[in-house]
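You will see two complexes here that share chain A, one where it goes with chain B and one where it goes with chain C.
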Partner chain A sequence: MFFLKMSLGAVQGLFQKPFRKNEILQQLYFVGNGSLLIIVFCVCFAAVVTILESSFHMKMVIQNDSMVPGFAALLILRELGVVVTALLLTSRVGAGFAAEVGSMQVTEQVDALKMLGIDPVQYLVSPRLIACILGSLFLVIVANLTCLFCAMLVSENMLGYSAQMFLTSMRRFVSFQDLIFAMIKGVVFGTVIPLVSCYFGFFCKPGADGVGKATTQSVVFSSITIIVLDFVLSYTFSFFY
Partner chain B sequence: MKVETKVGLLAVLSLVLILVFASMMGMISPFSNANELNIMYNYAGGIEEGSPIRVMGIKVGKVKKILFDPTYKSASGEEVKLRIIITVDKKAWSSVRQDSRFFINLAGVIGEKFLEISPGSTEKPEFKPGDYVRGEDPPRIDQLISQGYGLAGKVIEMLNKNEGSVTNMITQLDKLTTNFNKTLVLFDKTAQNAEFSRLLKNAIKISDDTAYLMGNLRSKKAEDTYELVHRLLFRLEPVDGPRIKKFFQEEGIRAKIF
Partner chain C sequence: MISLLNKIINEIGLSLLFLKEILNTLFKTPCKSHLIYEQIWNVTMESFATTALAGFFVGAIMTVQFTLQMNEFGALGYLGGLATSGTIREVGPLLIAFMLSGKVGAFTSAELGTMRVTEQIDAIRCLGANPIQEIILPRFLGIIISAFFLLGIGLLMSILGGMFLGSLFAGVNPEEYVRHIPTILALPSIFSGLVKCFCFAVVLATICTYKGYTTTGGAKGVGRSVVSTAVTTMICIVVFDWLTSYIADIVIRTIQESA
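Up next, the complex of A and B:
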């Protein structure tokens, strides 16, 4: 119940003054720029594994891997780029949010905000929510495209398909709406991460142990939510093809 | 660098990457170097927007748009209801002539559809951008299967109705084959017989001699001989019977003496 109330409060807080522009920018920097390198690094390796494994399996089954660039690109755009990004964001940003809010809860800073007449949800959750939504959106785009370029590079150097052949095969399977759906998923996951993390932060038990548990729980719960929501969204989007 | 600038750079990078992706998908092509043509079909056989266009097997463009145009009538009065707008690179534009033909073909392991343009003859003029052309409708496999299915049904029905006749026909055919086989065996045995071989050899010799004779009869010498005989007969014609009789009697007596 508190989760729903907090979520609604956070969304309302986005449209209520004062707009804490600097705080939002700081959080966006933390979410977006701070996670950029680690996400790009991880998705590049995921792309390499995806395309090589696809090629191996295709060669094993039909002795021909000419469709691999298209399949790999589709898999990257529909699942890999978004889910890996979201899970990495959960680990890095979600854990950070949970620990930060949890520490404030434990040290009664949240209560102090209430005493000052400041809504802690609007003060703490709303900037993180908008920052995480935008950051996740930017990161999903960058991750997907980096992943595609990486797959293209691997297919050129290891599978013998030129960039033009990769693009031709990709165009056979991929359409622009795949990127749009990936962006929608990014926005949804970007909404889930701060809400779940802040929720566990608000319900943090006293002591360092409590903060640790809240952080762990937030990461676990966010990851599960992301996986489940990914299934729901993928199933829903399948009706648009 | 300020935080705002760094965040702004990330946003700009995302936007640029979206544009790059759109360009990769062929949705935007700011440096396009292609002309458009409208190809009319009644059945497009599963071609899609973005399908490649090939001239002599080389990709030179893509299907830009597919439109339903129920009111369109060609210059010959034919109703053609499907309009496929294609782009053809300018480098291949001069190969596409007014007598070029537009086929929908299959390629690749997964049966990718593409539009093949046969190169036209140089005597015919080039198309103008935006011209309307009638394409060659691909064969409908579904109709073919349906017709084949109907045909198979009719054959089965006919067989069921005339079961006795068909059985009889098969028996007769079997007998005919057996008899034919026996005849062949007999012929083989006869061919191996010595007398028959001699007969055959003689027949071959006669045939050779006849051919030689006929060849000689057609020669210049034979023609001259024929002419001589003809002249002799012409000269003998006025000679009366008693004088010939007398001549042969005298000749006969002379022959007896000598």
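Up next, the complex of A and C:
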């Protein structure tokens, strides 16, 4: 119940004065710039593995791997790029939010905010929400493109496809709407992460133990939510292809 | 940039030294098996439901995606085999291990970090006991065994999820789905999936005990080490995923050539 109230409050807070531009920019820096390197690194390795595995399966079923580029690009754009990005964001950004809000709650800084007449949801959750949505949107785009580029390099070096062949084969399978759907997924996951972690942060039990527990719980809960939502969204999008 | 690289190499070396110390303790001192059983029970019970749920949905997602692609070729018969093989060899262990690094890894490093900053670990050393033998070793072994078991459960659940969605979404009835699994999923694939699970379990156990054990700087430090545990574990899991795939590929190729 509080979760719904908090979410509504956070969305409302975005359109209320004062508009906290500096705070939003700071959070955007934390979400975007801080996670960029890790995400790009992980996604590159995921791309290599995807290419190798799809080639293995292709050879098994249809005896050659001529459709690997298209197949791998499909898998990357529709699933892997977004989910890996979102899960990494959860454990880096979500855990950070939960620990921050949780220790504010424990040290009674949240109550102090209330005393000063500042709505803690608008002060804490709204900037993080908008920053995380924007950040994950951009990160998803970057991650997908890096992943595809890396897949292209790998298939050129290990499987012997030229870049042109890769792109031609890719175009037969995926279209621009796949990137749009990936972006929609990114926005949804970017909304889930800050809301869940701030919720667990607000309900943090006193003491250092409580903060640790809130952090763990928020990471677990958002990861599960992300996987379930990913399934729901994939199922929904499958009617539009 | 250089300093970052320096830091990364330093961290790798320190964690390997820590691993060496754990293994030394394992082989040189008597093993306290009741502590290990306790840890196995704790970790497994705490994460069982989460892992099973995650596994189920991972299987379901993979089936939906493969159905879309198989439909284009009219090869729905292969659905069971391909989706299961793809999940077990690659996507399943990766995503479920991500899940576990958030759950088990974060929990253990928070626990050990709190022990470290409240000086309980120093207290154990004061009492003349070896903290690595008393605290770290049971957790290390317990996490390896139960994470391996949990990953296996997750993979089984993913087959179930795939079967369920296969009949719901693609109209492939469960018998047909299961019947095609052995045609694609050969023994080496299962073996490589299990090897992956084992590697991820070792990585997870090493990093979370190391990060927890070396926590400094009070309550804030605990939070920092929890976050860095989750992030480092994920990065290492992705790297090891690539490494095991690469090695398995070479091994399978060699076997096929010699046969």
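Assume the second predicted complex is superposed on the first by the 241 of 241 C-alpha atoms of A that agree within 3 Å, B and C clash if a C-alpha of one lies under 4 Å from a C-alpha of the other, contacts with A are read in each partner's own complex, and residues count from 1 in each chain.
Here is the rule we go by: a contact is a pair of C-beta atoms (placed from the backbone, for glycine too) under 8 Å apart; a residue touches a chain by one contact, two chains touch by 3 or more.
Quick caveat, the model's predicted, so the values are computed rather than measured.
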- Of the two partner chains, chain B (first) and chain C (second), which one does A:49 touch, if any: first, second, both, or neither? second
- Query: When the two structures are overlaid on chain A, which partner does A:29 contact: first (chain B), second (chain C), both, or neither?
  - Reply: first
- Task: May I ask you to decide whether A:99 touches chain B, chain C, both, or neither, giving the answer as first, second, both or neither?
- Result: second
- Identify the partner contact of A:182: answer first if only chain B is touched, second if only chain C is, both if each is, neither if none is. neither
- If you count the residues of chain A that each partner touches, which comes out higher, chain B or chain C? C
- Query: A:220 contacts which: chain B (first), chain C (second), both, neither?
  - Reply: second
- Query: A:147 contacts which: chain B (first), chain C (second), both, neither?
  - Reply: neither
- Message: Taking the superposition on A as described, I'd like to know which of chain B and chain C A:82 touches: first, second, both or neither.
- Response: neither
- Task: Would you mind writing out the residues of chain C in touch with chain A in their complex?
- Result: 50, 53-54, 57-58, 60-61, 64-65, 67-69, 75, 78, 82, 85-86, 89-91, 94-95, 98-99, 101-103, 106-107, 110-111, 113-114, 117, 169, 184, 219-220, 222-223, 226-227, 230-231, 234-235, 238-239, 241-242, 245-246, 249
- Message: Quick check: in the complex, which residue numbers of chain A touch chain B?
- Response: 25-26, 28-29, 32-33, 36, 62, 64, 66-67, 134, 137-138, 141-142, 144-145, 148, 167-168, 170-172, 174-176, 179
- As the complex stands, chain A meets chain C at residues 38, 41-42, 45-46, 48-50, 52-53, 56-57, 60-61, 71, 74-75, 78-80, 83-84, 87-88, 90-92, 95-96, 99, 103, 173, 208-209, 211-213, 215-216, 219-220, 223-224, 227-228, 230-231, 234-235, 238, 241
- Query: Considering the complex alone, what residue numbers of chain B touch chain A?
  - Reply: 3-4, 6-7, 10-11, 13-14, 17-18, 20-22, 24-27, 50, 52, 59, 108-110, 112
